[in-house]
Amino acid sequence: MSLLDLQSLLPQLILALGGTTVLLLGAWVQNRRLWLIVGMFLALFAALAAGVMEPPLAEVAGMYSTSLYARFCTVLWSLIIAATLLLSCRYADLHRFGGGEYAALLLFAGAGMSLLSAATSLIGLFLGLEAFTLVLYVLIAFNRTDNRGAEAGLKYLVFGAVATGFLTFGIALIYTASGSFHMLEALSGLQVDGVLRPIGLAGWAMLLVAIGFKISLVPFHLWTPDVYQGSPAPISGLLATAAKGAVLTALLPLLAFMGDAASEIKNVLWLLAIITMLAGTFAALPQTNLKRMLAYSSIVHMGYLLIALLVGGADGGQALLFYLVVYCLATFGAFGVITSFALETGEIQDYDDLRGLGYLHPRRSIVLAAFMFSLAGIPPLAGFFAKFGLFQAALRNGYPELAVIGVFVSLVSVYYYLRPIIVLFMQDRSAYQLRSGSYSEYFLLAGCFIAILALGIYPGPLLNLVAQVLP
Amino acid sequence: MTATLLFYILGAITVVATLLAIIQRNPVHAVIYLVNSFFALALIFYLLGAPMIAAWEVIIYAGAIMVLFLFIIMMLEISPSSDPVRSAPGWAQWVPIFILAIALASCTLLLTGLDPVIAEGLPRWHASPRDFGYALFKEYALAIEIVSFQLLFAAVGAFYVGRLEQKKSQREGSS
Amino acid sequence: MIVPMEHLLILSTILFLLGLVCVLAHRNLIMILIGVEIMLNAVGLTLVGASAFWQQIDGQIMVLFLMAMTSAEVSISLAMVVYLQRCKNSVDIRDFDEMRG
Amino acid sequence: MTADTFTQFPVLSLLLWLPLVGTLLCLVGYKSPQAGRWLALGTTTVVFALSLLLAFSLERSAGWMLFEDYSWIEPFGIRYTLGMDGISLLLIVLTAFLQLVAVLISWDQEKSPGLFFALILILETGIIGVFLALDLVLFYLFWELMLIPMFFLIGVWGYKRRVYAAVKFFLFTLGGSLCLLLAVISLFLLHGEQTGTYTFALEALKQTDLSFGQEMLFYLCFMAAFAIKVPLFPFHSWLPDAHTEAPVAGSVDLAGLLMKTGVYGMIRFAFPLFPSAAEKSLPILAVLALIGLFYAAWIAYLQTDIKRIVAYSSISHLGFVILGLAAWNQTAWEGSLLLMINHGVTTGALFVIIAMIQRRTGTREISQLGGLWKSQPNMSAFFLLFCMASLGLPGLANFAGEILILIGTFKSHAVWAAIAVAGVLFSAMYMLRMVQETIWGPCCEPFDKQDLISREWLILIPLAVLVVWLGCYPQPILDPLREPISLLLRQGGQP
Amino acid sequence: MILLLTLTLLLPLLGGIINACFGNHLPKPMPVIVANGAVIGSFLACLGCLSSASGDGLRVTLFTWLSSGSFQADVGLLLDPLAAIMALMVTGVASLIHLYAAGYMQDDSDQTRFFALLNLFVFAMLTIVLADNLLLMFLGWEGVGFCSYGLIGFWYRNTENAAAGRKAFIVTRIGDLFFTVGLLWLFALFGTIGIEAINGQVAGLDPTTITIISLLLLGGACGKSAQLPLMTWLPDAMAGPTPVSALIHAATMVTAGVYLLCRMFPLVSLSPIAMGVIALVGVLTALYAATCALAQREIKRVLAYSTMSQVGYMFLAVGVGSVSAAMFHLLTHAFFKSLLFMAAGCVINLAGHENDIYLMGGMRQRSKLVAGLFMVGLLCLAGAPLTGGFFSKDLILATAFAKGDLFHQAIYVIGIVTAGITSLYSFRLGYLVFAGDFRGEELPDDLPGLMKWPLLPLALFGLFGGLLNLPHLFGGYSWLSGWLNTDTDVLHLSLNSEYLLSGTAVGVFVFGWLIAHLRYRKFVRRESGLISAFLLAGWQFDAFYDRLLIRPFRGLCRFCWQGVEVGLVDGLIEGFARTCISWGQALRKMTNGQISNYLQGFIWGLLLIMGWFLLRAVA
């Protein structure tokens, strides 16, 4: 491992080493806010480093690429980590989180995510994925005064462990077939004359189960609402955005490397996309808990993103990344609002508790409504152009049926996105006054809101950027 | 020839031991059976030319992890006798699950069996610890670092989760 | 030649599915975790076999990482077991169904 | 000031975005009710003045009187293209006028007035945008932009079943819009594949070669969106609820403007883009329009909520409008557009009056109303006037449009026109029933016996003057429509 | 001249607008003065431009109302002889009735509304009369309908009054539908809606088309003029104030249908079938209404039915091809019928606002003048020899007779029978009201002078209206026919038949009188028999229409609303929503919180994928 290697992986290094440092120093200086803020700045530095510094190597140790794509993802996940840290300031105080540990774990999760997105080898993929999964087990159960947190942690743990088994078995099978861990070789070794070998199929089946768990595709999604509901709101936000996004961004090159042989897998993904969109939507309809609804919404959105994955190529990639960014902004923002509504005794999740809250806390409620509209894909919010790009890509590349189903689903989904808005603004008040949020939360929410709006009105720059970074 | 025979014997032992392990209702028994299984597996590893892995199988799995399991079981005093109905599944549960598993196994095996490459034999091959070390620290140094970080943070996490929450225990104590 | 690769795969698949069966059948969290260990061992077996098959060391190294990761996971899992036991005085997963719907 | 001045200056954008500026100001001062009111009034007045200025100073021409085109979202081939011809101009003047009315009638809004007026102003931007946009995606954006404020207006400030109505409205219209979106994207892709230039510009897309099947499919998707907004007969279910539950400003906007956007979409987009499909569909369109015309009138006849009666009457009138479009000739189209404007004014006025009645009596149920002439003769007189206009009394607003539609339709399809004539009878039946139960008959004692107050006079007099003027001398409205309509008809191809 | 013509039309409009907008702010007598001034001014203006009406007439185009493509509708006025005579009648009678109304309404608090509507009515009526195109005529046509609606329901506190207004509006509108279609068709045929232009081009048109269009126009005319089968509104319309009945429902509006047919006579006359139908409708209505009038108890309803009957005669006149006869009867009828109505108003006032003739009687003693005037009117109505009514009715019947064929003979017979019945009910009314002693409750009420004096000129006109078109037999020279340029209408019957016809007319008049004299000279309270109940209810047409049309219509509406709208359309939508939700509930049950359940999801998913792959690999 040379200095050049380290330099190339500087952002991840900042995250991991920074995490360690925070952890160590946190043992001495017991100041929660301080470490959260420090952690946030470390994550921002990592993002900056990834964004600005030109890495000297194209690939590190045969496992991680330093392509523009990987750097873009690194920036994205680092920013989400930074946002999570910022968002957690008041929340951590409320629930007496160990500041040092919390910040350190989050930073390391960020490192894991960015490694996952950058992986060019199956080992790298495995390591990156496990790095943040392990940390998430802890983070989900981080609030130790909450039994639900424990339950959520347990559920994520059991499923995570089983999924790890499937993932590694898949990798092992692929390795058995191809004799290499490097993705390009391994995946091309899986095919004979552009047709996947049966053992490759078996390996992919295992991989798909694991990935299906991570990005909660139907029927591997059942854990999602429970875990989102139980975990601390900032962590739910992280789970719904970066944790899923990292897996998706890793999957994009994985499928790309497959070339034509991916069609077999795409068939399955096609089916999964359809049942995910439909089942997720219908299951979300009767929900009366905001976090559970968002969980189902994230499931549906993963279905949409699968469409982009299926389309593949430049079109699909562009649609995927743009959609992902917009989705992350809105979903994270929504969880941010939940965080900011949180009380010492628990979070405000049930619609019954939100009734009429729009008049007590208009700014946060309006922002939440905006996020909902964006998720529903209503212009002029960014969600519209995300869906627009997605449907366009689907139609252009011969998936009209998916576009039609997507359109149908987004119509039905409007109903459950409207429900919290209705509850907030259109029902008689039964909610009680909550405390006013902290400035850090306001800052973050305003940021998400402005980004959603700006991207909805002028998405050109991001689209161009996304088109550039695609491999 | 002996190696082949040995492989089948060890394989049988592994499977039987594992099977016995999973149908135990008492976790302590299960762990003991599993240790047997792991020992047999370690020998298979050795047969396949992986002495280092064989050693670690014994040290880490059979030694560290299983002992950790035993430790926790005993610490928490989880005993099956207290509530036998709840702690272990009955036949009614096993049957459908085994059927499912057999279906899955046949699918997987049929699929892999369709691949002509797989039918080739495993050659005798030996990876010395030296080769292993070279490869590990030259090519996979970065991975080692990542794994070490993982271990560190896992330890931190485990510590955080497992630590007694003082406030909470006080609150519970007072109530 | 020791055995055909296929036989090794059969063995590891059986082991893997035994682990899965254990995970599915048991309600005791500890047994579930044991099941996961069995699954991961099966994976290790496959990897070692493949390593021998291709006569490459990488497979074995992957096993090493797998073991390391497993131990990390087990440490967290068992800490979690302790924590859950303290929360609900139970390690039966059926007791953890507070969130549903 | 000459037309040249306007071409130098992006006056369309100014017109379009002024209300949004007002919105932002309203939002900033949302805690002060006074600020919201006056800001909204100021903004709408300025917009109205500007639209009038344009109306008086621009030269009539067949093409675009004003045109703006800027680069916007290059990766998707979307441009910011606005254009105004006579049709848009008139509809924008109507919009600006009705918004002014909406602001005035909601003057003493008590529940969060700042937000209320902010929403009204956003709505204005959305509607003006729909009438100006010439890029299909830009059009779609404005099309959807109308949704959110209307959703909130109904849902927050509406009456008892407001949430149901708001959601129904939202889902219905969105359902149609999504079909439109799919068709727009598909058309864009097809055009791109054929020519290599990927663009959403309306004029360019008109040149796309389509097989008949494709054309029909796209046409149906477009029409789904527009027919729901209009609403055409089987797609109207959202309307009675939305109109009834909306606050008065919402009802005025819904009936006066939002329904018009559907018709506008048909003549500006659906017909010229897919002429042969449009041609094939005309009989069906006419049949649906006729069914709607009668069906809604019959249902209106039995309603007991006066707002619902007016809501159904809107469906009926729009049936007339669509019938005129289906007749596909100059006279009928001029009549349709004229009727659209007339209907906007009369129905808007009716909703305004109904709001006044409701404020005084606390009810809209005809069983609890009656004899209002006794206590509020002036208000009742206006009510009578607008009802008469609505039932198509010659010399008042609606008649001029209806007769032109009938004449045009009779020329091409005598039977349709002959049937449609009967619709006039039924509109008289429900309107007179409403008048009878409201202002005639024995008295119900309103708790507020105040006749019109000065602000209400201020609203009603211009409306009344317009109603009479449009009925007696609609020529100034018809003149600017002539050339654009004949252009559109030529593009659509004379069937 | 042009200015005068414009003023004729616009003065009432102006008066109406002033009263409508500012009437409530003017001091008390001002609205009345404005209204009367406007109408009288209009009358004078009309008189002023009368001289230029002869020949081709006087025309003014004020502005273009509607123009689109080849369609053009101007606000254009045409004062030709027909219009002039009609306009003069309208403004003249209206002026008198306005004066009368000033007295009649002097205590009403709402008189501004009344006079505004009345003025507007005059304006609308003049629009019908003066319009040079059909669309403008239609504007007036509907305008009078609206004013009639507003005035019938003037005393709106009583629900029945308002309902009567609504009925009038809607029933006449049914007729208007036919008119509209006819108008559209004419435009489609000729590319113009100018009345003269159309009349000038009709020759050579397909006879069937002409017949259909003529029948459509007849439909319109029937609605406005309360002819069979659209006549049910007129009796109910008597709910309005008496001046309204006099002006609108006797003199002017109800004759608009006749005027329309006269206007379009060049077209209509081309179709013998249509002419026959018109004559038939007219004579049947005349008979029907006359029989109904026999049994009525309310004084104004008697007059209403008689109006209907007389208008039927006018239709008959058109149907037998004599415009001048129709116009002649229209004019005389306008005079004596408005006289009758106004006098009836006086009588009602004198009887203490009592309408029921069974509760009157002996009114002669209360006001000699009113009784005299009323009797003049009745004599005209009954066709007493040498009165205006006698001559005009006679001319119509003679024209019908002169046609000579069987159909017209039959019509003549019905007409003469009706004349007898007319005489009978007229004298029945006269006896019941004026003979004997007062049967109601004593309630002295003096009449304002304004309610009496306007009757005098009308009585004179009624009595001597015959002079307008005095037949040659009586030494006249048919001035009206000459004025209207319809010299062809002048009959050239043999002297014998003329005498015979006149004699028959006198005969039936006397016959009717005699029967009335015998039966009603002394008031006897009788139980009303079946037949009289049937006649009282107007042959049960209201009930019949209720069964035939209104109930099925309401049923249809209810079906559309409850069945289609609520049941089908909303039901489908809500069913869809409910299905979605129930799927959601089903899916929700899957997430029951149990980890082992969730894990099974994994396994099934894996099995699915594996199975799929296996299938693909094998295939």
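Per-chain residue numbering starts at 1, and chain names A, B, C, D and E are given in the order in which the chains are listed.
The working rule: a contact is a pair of C-beta atoms (placed from the backbone, for glycine too) under 8 Å apart; a residue touches a chain by one contact, two chains touch by 3 or more.
Computed from a prediction, not measured in an experiment: that's the story for all the values here.
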Neighbouring chains common to chain C and chain E, by label: A, B
Starting at chain A, fewest touch steps before arriving at chain D: 1
Centre-most chain, if every chain is reduced to its averaged C-alpha atoms: D
Chains most often in contact, by C-beta pairs: B-C
Far-end chain from chain C, centres as C-alpha averages: E
Distance-maximising chain from chain A - centres being C-alpha averages: E
Whole-Å gap between the CA centroids of chain C and chain D: 65
Centre-of-Cα separation between chain C and chain B, whole angstrom: 5
Whole-Å gap separating chain A and chain E, where each centre is the average of the chain's CA atoms: 78
Approximate Å spacing (C-alpha centroids) for the pair chain B, chain E: 102
Contacts with two or more other chains, residues of chain C listed in rising order: 5, 9, 19-20, 23-24, 27, 33, 49, 53, 58, 61, 65, 69, 72-73, 76, 80, 83, 93-94, 96-101
Residues of chain E whose C-beta touches two or more other chains: 588, 591, 593, 595, 599, 603, 606, 610, 613, 617
Residues of chain B whose C-beta touches two or more other chains: 100, 104, 108, 111-114, 117-118, 140, 143, 147, 150, 154, 157-158, 161
Those chain pairs that satisfy the touch definition: A-B, A-C, A-D, A-E, B-C, B-E, C-E, D-E
Contacting residues of chain E [partner chain D, same complex]: 20, 24, 63-71, 113, 135, 138-139, 141-143, 146, 149-150, 153, 156-159, 161-163, 166, 169-170, 173-174, 176-177, 180-181, 184-185, 187-188, 554, 556-558, 560-561, 564-565, 569-570, 573
Chain A to chain E touching residues, read off their complex: 154-155, 158-159, 162-163, 166, 198, 201-202, 204-206, 208-209, 212-213, 219-223, 225-226, 264, 267-268, 271, 279, 282-287, 412, 415
Contact footprint of chain B on chain C as seen in their complex: 1-11, 13-15, 17-22, 24-28, 30-31, 33-35, 37-38, 41, 44-45, 48-49, 51-53, 55, 57-58, 60-61, 63-65, 67-76, 78-83, 85-86, 91-92, 94
Touching residues on chain A, where the partner in the complex is chain D: 318, 359, 362, 373, 378-380, 384-385, 388-389, 391-392, 395-396, 400, 403-404, 407, 410-411, 414-415, 418, 422, 425-427, 458-460, 463-464, 467
Chain A-facing residues of chain C, complex: 5, 9, 12, 16, 19-20, 23, 29, 32-33, 36, 39-40, 42-43, 46-47, 49-50, 53-54, 56, 58-59, 61-62, 65-66, 69, 72-73, 76-77, 80, 83-84, 87-88, 93, 96-101
